[in-house]
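We just call them A, B, C and D in the order they show up, numbering each chain from 1.
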């Protein structure tokens, strides 16, 4: 299976473990990821919050690049990038004024038939393969699947899964042998792009999510978005320092969980890069220590 | 902004009706939906993660829009506090799109009331967009540095830098994409007001 | 025909605003054959009609064209006026200048031109109209009532009390409908069962009512006064005549743990069951999907797996081999009273245009229930004996949050209309809860209170002032489990404050929807329904209980959401219509039916093949000596409904539909 | 030139569904093109294909035929017979050289006032673009040869 691949900025920076684990999992499942050449940033919230046209034009350029490479399916692992690409495509297909504006800016009119898929779509289609190739099923792990905002909302753009009671991530987590927990905060916002500009809001929102997952009995959270990861992992230090909410909650990318169940090396999956150590989780499933010398550097 | 001349019947700060329909039609055109759809059920505000921090809740923003009270709306912090989590849009019983309306309001506010954008938020957006303008992608170390310069929050999060570096999460050298001129052209053509 | 009168109506401003009626009348004056052409403010008014009558008499008119509203509105009125002046009513036609012209156009010039064109169509057509005589057909003076809820019960009793026979068909094992599930009724708080049960018994005992429960209408043939209805009597697996209703079978059924429909899953029933103790008829039915006997048989087990009910049945009424059977009844009128279903809150929806409320966790959170489930909890005959207890742990809830408009007024979920009854029953729930639970706190999220009705608004105020229910204006965004409580995230839009409430129970006031299988019933009856599946009345104001199919009437919530008093009133109205129809032995029918020119007929009988009613009969034409010359088609006047398919099909053009003959249509077309 | 042309369109509709639907469009005040004049018939089953040819011959530029949706016929099955008849009629139209776009066949129920307005506007627009209907070109040509 050949897929166009749009990593997005975070996967080359603060969320590099997401890319590392993805590439390892893709190799194990024989999925060929062909990176879109010379892609640009999707613009994230800052683009669409300041100019609707900019918010469409930046992802449209990436769609154009993909088309030039003859890619008819684009995999965007970052939920935010996925949402921007899909929103741009939706605007091009449904808003004629916008489409003509983009055409004049790019001197090109991107096709709207390219399918853009997110990690939940990719891996839930592979659930059978994941289960089949499972070398170290994660039995006994309880995982809170966190969908966040941008994977399923708004439904007319994302068009997959139920926007209010989704289950695609739960389906994937079940395939790894772990048990998804029933909880109600899976769709609540973590504070998204306010990490730097309104840290207090992020702390408030992310804390509520962590508390809910903990009270539902989860051992870890599975996420599909680098922004959510950063808010729930990196910002968790501050949350835990200020409050006595309970044990630190490891935050794993979905691909890392799948990688573990496929028997891949935790270091290869970038598990050592988290701020909240996933070591307790690894202990629970009888995996070895993440390289201690590296951890001590922290 | 309220362009309607005060009528003798309206005393002091009471709005006179009907107001000049300026903002309302702009938003209607921008998002392709008519704010008149809203019947003020408040489901948007009820589910808004930022509602507790907003002085105008989402449904109140839409109501002011219906009344076309532009100044009150465009000079409010609240529109900048929206995270675009799309919860309101997903749950709106009338299939209105509050998130898109707020985006459109921000675009106009940026032009007409640039001074009212909360400093930290405008600093973030401009630092972020500057990164794209400079490199075609966002280089996170640069983003943080630029943000700090603009926002004045120089020391926040400084303690986290070593941790980021140790985990290999912060690259120090930005890479520029080849098509950077294309990206810059997009920026110039979209003619966005630069957030301060 | 050469003495035609044209009468153009202004309909006040309705036509006159967009159509220059004076110009229309003037223009028509010059059409050959027209001897009189005038306009007037209100043609349908007494003086307007007098103008027509006077012209007919004084000018010896032999045709009248009224340019006014839709013929569906006033054709009868003007034909009657013509008849009163001695003109055959079928020599009066209408041109639709309002619905089809003035109301849909803005350009006065062009609308006027079009109005002239429409009137000319009719003038040319009427030149070929023939005087016709009304047809009289016999009426079978028995009625069919479909649906045994309160509306069907009321209609059946009224017709039966009026001295006519009624066949009441109910698809469930018992009559009673949704009303039998309710605890108390607003705004008087009288107990639903107490007022309904006597009426149910009356139905069972009425000499003029034949009750066919657990039965469905299979097919309907015929027409007003003469319907043939085939009814499927579903196999109860119990002989209705032998059964004495002792209940031994239920007591001994080993499968005691089936969530009961009557209690909305809050109570259990057995595989052989009577839906509720007051059921009419009090005869059990075996749920074959759940019964061990049938499940064993389906799996291919040779020996009977179970048979407990048959063993304990004194009168030996259990009949495992019973099959569905059919009866055909002749009736003259049909009342449809099939009621409603509740909107399903969960994810599963039968229609693509509908969506459920994932955000409210119905089905996943046990203490989130719907309004009808709350009725069962509050009902003295319900699963908790009338105590308000949580389904999850049987504890008494100290805080209940009620959410209104679940499904209703929610375009995104597929329902735009207001369900009308929810404001009232939620107020009732709040009052009942206050009566039953000391210090219980009821909080209601509403959008608008719609309490138009006698004593209705006072009732809502009572919930607020005396039962201390807190009314918050707004919708709830989502429900979150929080330990054993439910956290309700809502907003009070009046203060602008978002609120989070820890509730012990949440009750969702779900929308009323049309019955799921309404389309197939409507097709059997040839009646229409709106896009939500509610049946269409013939006129929203003036003919609210009739349908566009003569002889078929509507009662209750099958037509739109309505409460008990409205349903009962509508049922009595439908019964009055039926009794009116039955007051004569013969029924007058419009003579707009097909007629065969027997000399021209070649006897190919294409008409016979396409006639939907079987109205074409074969007739032998004989010569003077009694020898058959040819066999030709003949139309049975009582059976023909006047669709005209025969005429369009006839190769020799020897059949004609009165009122719509080729000559008439071509004359209109020639006026282009 | 073409823009100043206002086509004449005749609609043959059934009494129960489309006529009532058009009434509903009126009661709902849905504005539409004034080019269409309705001839009311009991059922689409009554519509002889010759009506269409006659109307075109007498000066109509376009035709609408509309009745109850399949399965919803007031007379049970008239619209099915009509449907079969019109399927064959399409071939005849092509044979005599009538652009099939001049004739719209549609189903409009009693509750579809909005749909009726759409059918009217769409047909008017289409026929306006086709220009006035003059003759049956192919037959005329055939006769000339």
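Criterion: contacts are C-beta pairs under 8 Å (C-beta built on N, C-alpha and C of every residue); 3 or more make two chains touch, one makes a residue touch a chain.
This structure is a prediction, so every number in the text was calculated from the model and none was measured.
More C-beta pairs touching across which pair, C-D or B-C?
Most C-beta pairs in contact, of the two: C-D.
So what's the Cα centroid distance for chain B and chain C, whole Å?
Distance between chain centres, rounded to whole Å: 51 Å.
Can you work out the whole-Å distance between the CA centroids of chain C and chain D?
Result: the chain centres lie 31 Å from each other.
How big is the gap, in whole Å, between where the Cα atoms of chain A centre and where those of chain D centre?
Computed from C-alpha means, the inter-chain centre distance equals 55 Å.
Note the residues in chain A that touch 2 or more other chains, in rising order.
163-164
Could you list the positions in chain B whose residues touch two or more of the other chains?
Residue numbers touching two or more other chains: 87, 91.
For chain D, write out the residues touching at least two other chains, lowest number first.
Residue numbers touching two or more other chains: none in chain D.
Sort out which chains touch which and give me every pair.
Taking the chains two at a time, the touching pairs are A-B, A-C, B-C, C-D.
Write out the stretch or stretches of chain A touching chain C in their complex.
Touch residues, chain A against chain C: 162-165, 182-185, 212, 215.
In the complex of these two chains, what residues of chain C are touching chain D?
70-72, 96, 98-101, 103-107, 110-111, 113-114, 117-118, 121, 522-523, 526, 528-531, 536, 548-549, 592, 610, 612-613, 641-645, 647-649, 657, 660, 662, 665-666, 668-670, 672
For a test of understanding, state which residues of chain C touch chain B in their complex under the given definition.
Touch residues, chain C against chain B: 359, 405, 409-413, 447, 473-478, 489-493, 496, 498-499.
Going by the contact rule at the top, pick out the chain A residues touching chain B in the complex.
9-10, 12-16, 38-41, 43-55, 57-58, 61, 65, 95, 104-106, 149-150, 153-155, 163-164, 187-189, 191-194, 196-199, 201, 205, 234, 272-275, 297-298
Where on chain B does chain C make contact in their complex?
Touch residues, chain B against chain C: 39-48, 51-52, 57, 59-60, 87, 91-95.
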